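Given below, in the form of structure tokens, are the structures.
Shared chain: chain A. Partners: chain B in the first complex, chain C in the second.
Entry: the complex of A and B
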């Protein structure tokens, strides 16, 4: 449940600071013009967006509980004899456990380094012959990594709180996070990262990024955004379906108005509901989009998608073609069924 | 508490009368005097327990008092000011000798 805890912390402190500035602006365009970055965290955890993202993830329990080769080893399978009711109970339990595995890492703004200075004592200059910084950590039980008091005394006598980067390191010393490395793992360096993208190992690197960084770490945001952009280019959305990363991927695409490839892929795979949900997500995030004039009322799937294709999308040709193909195949299927039944 | 040529200290609450190798009452922090690769000297304090023991009326040794002063929990120890002053004078003289 680390993701939700951090999200609450982030919302209580940083997001509120950002919102203090953004609150003066009612329109996204105003905020953009004044140079203040729009904060995605509030939109991300709003219930409508969360439910849309959960449905878009298209949970397939088989894939959720799949043991990847870099995780624990496969054990021998266990077989049980069960009645129908027991199977139902086991299935519900699996759905509950899958909810934990499918917790989406929150989408936050990159944290800013601005450590508070607590005291200045220039007379202390020279107290340490090695000229090193003393870092004092409060190891009181029950404090979280975010709230723990960590201060440093510089060789020139300044007492200040530590930067977020230093805080991550110190927390790793005294309260190590399982799986996190002290130095930056090589797979996040450009050379190895590009190789992973070539091999389409998206879930691998996103899982590792989740373990290694906090969601508001600038490097995490950079890695995830690059991965999402690569996935968008190569249109391999299916690799992230049923994982915890599909939600943030869909949110990122909708935030940057790049859902065309996703809608196209959904149409090609005949996932009309998912295509509708992607467009609805775009409408919630960008209240000023042109296609918001037509609302989805539960039945007008094709009309809704066509309206989006004709107004907001940048790939009008490809999308209209996909819609036509889908409608033709649906018609043909109906004809075949009616012939078969009669 | 370290090993040969590698000192490492635990900040503990102990009876003043006992030997340093006897069991202590409680460990309340640690101090690594050797700087790490980021040129930091790491000190850990369990401030909640330190507050409890200070309230019980415990004596602080000078090194611990100095560290607590540097951390901001207590006022800076006069010895820290003295060492800083003396180090500055020494550095000044050495630079004069070089020039």
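Entry: the complex of A and C
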């Protein structure tokens, strides 16, 4: 979709600069040292991170395809008698369909308004008595909204490319995005946004943000980050599991070194694998973290988590308590099973 | 001496003067006698005493209101035409009468302060008689039953469709959450050898707790109230349990028949409502079904409709039963869920493709309707679409086809309906067309 095109564009520029994707770690550390904001897009798109995020989402097909409350008209269900094989085939088809529903909106830096000036013709000043700006759009079929040539001639004679804001508006005129509104929906205003956060309607606002804004729109980044912070505070990660927003949420938390609540929640729900994955994600993003000394080899779940708890985590007490509780319950369960079996 | 004269005079009308001329002495006597005066058409016959003030009130009323045995058989003296005995003493107090006299000790106190109260006549109350008459007129008339809309039945103040409360408790069993509704309430007659034509009230009632339990019963009795009670309690004895899909509709579409009455019922989604015959609607209300479409075909005999519907509900199969019968998984597909295959019921052992016979009915709708296919009538375009003016109308209304949406959007975003000129000229606001528009008064 549009966001993916953006990423491909970003990657193409990188390739032009003869830098491989693998080397982005060193490049980012240089960027950090120089004070420039670190670009999350390439880390986000890397295969290791993507696979970790997908697994963290813990897809439950039933929840992916559940009825959304804001449906207009309900229909009667249709029934079919199926054999085992037919059910399997139908399920696989549903998994393929779910891939589209679970496409993660990309994490990008906020776009900067710096339109390129193509020509300056002060001789054209005053050609229009109303002093209006003229916008010329290339509406050729097949061009993307991002790359399309849109230029404007201002009353003082300057011919320049349009700003990102103007680009969004012009694209909406000629190629309207279904569901996108011209003016900022009231939902994103602080008063209503806070109310939605209070009501824990995270998926609702995130879906609306995806429809209304491009992933590199500053407002989109602001809204999503605020939502992720609220979820982190309230620890209601389960609301986003099996949706396409869990990946960006986990990435945001790891990017800002705030995975403690997530790890804690995973331990409390006995999702050790997810806890391990969250820490692994942190290691990939922040190569300079202290707990990177112990690697996960497939079996040392508790050791890996304990190492993180003792070194990098800010909630050492709560996490160690959770680990203890988990180990005790696991032990008790083993004892009960052995008693039952004997 | 007057007697033979009476006999003569009874037949012949003669004037007084003529009589006086006959015999001057007898003239005065003659005039005084009421009978003769009546005969002379001077005064109509007036008796100051008769059965009217000799008999007690009860007997008098009995004479007016009683109905003969033959009449009672024909149903006379019951219902709207019935004459009721009125207690004429109502509205009257001993001591208060036509001539308004104050009787101390009876209608007034004896002492007023320190003075004795005297018997005195007060001015007459002219309205007293008219008030009494008005009260007596209203006594026997049927008081129009005031029903709230929620209490109303199918029509007016009639009983069918109305609720008559839960069945009476039996020992410790109270029918908590149950409500009974009347489906039919009519008078039926039958002939007996000795009595002849006999009338009874028949009541068909259905009771249910809104959660799947329901029962219906028919009861007859001489008077309506006991028929209602009997039917209600009998229905409470004959309860059946029906499984509902998501507590709002039937498990699947079905066909049911009783006699010449056929019902095609189909499962509908939430919010659809009960689109069916009023009797079926009432039954669904007591069972707890909120969304259903049912088409009644053939005879519309109410008792048969009720029976057919209950038969259809009883013959329903729930998901697990169907899966077990077929030996295949029952999978639900919903458009709102992206047609995700949700397995609602699985058999103990699922059959393979080879085990299924080639001519076996696997189609769910066929299986559920027992091979029947509901006729879908062709919907023809409306007659006016063929007329010449229709194309003109479409062309005329094309320019404003999205105006409703635009209006809504404007009200949301701006709070008012505006045009492109409203920015520059705030008074240029589009208004709906009105033939006569009240001009706002200019402020002075």
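The definition used in the following text is that the second predicted complex is superposed on the first by the 313 of 342 C-alpha atoms of A that agree within 3 Å, B and C clash if a C-alpha of one lies under 4 Å from a C-alpha of the other, contacts with A are read in each partner's own complex, and residues count from 1 in each chain.
Everything below uses one rule, namely that a residue touches a chain if its C-beta (ideal position, glycine included) is under 8 Å from a C-beta of that chain, and two chains touch if they have at least 3 such contacts.
Predicted, not measured: the structure shown is a model, and the values here were computed from it.
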item	value
Touched partner set for A:134, first chain B, second chain C, both or neither	first
Contacts of A:287 with chain B and chain C, given as first, second, both or neither	neither
Touched partner set for A:299, first chain B, second chain C, both or neither	neither
First (chain B), second (chain C), both or neither touched by A:341	neither
Overlap of chain C and chain B interfaces on chain A (superposed complexes)	none
Touching residues (chain side chain A, partner chain C) in the complex	61-62, 64-68, 71, 74-85, 87, 90-91, 94, 97, 101, 183
Residues on chain B engaged by chain A in the complex (per definition of touch)	29, 35, 38-49, 67, 70-72, 76, 80-81, 83-85, 87-88, 91
Complex contact set, residues of chain C against chain A	252, 266-271, 326, 328-338, 340-344, 350-353, 356, 362, 364, 367, 413
Touch list for chain A against partner chain B, complex	118-119, 121, 123-141, 149, 151-153, 159, 166, 169-170, 173-174
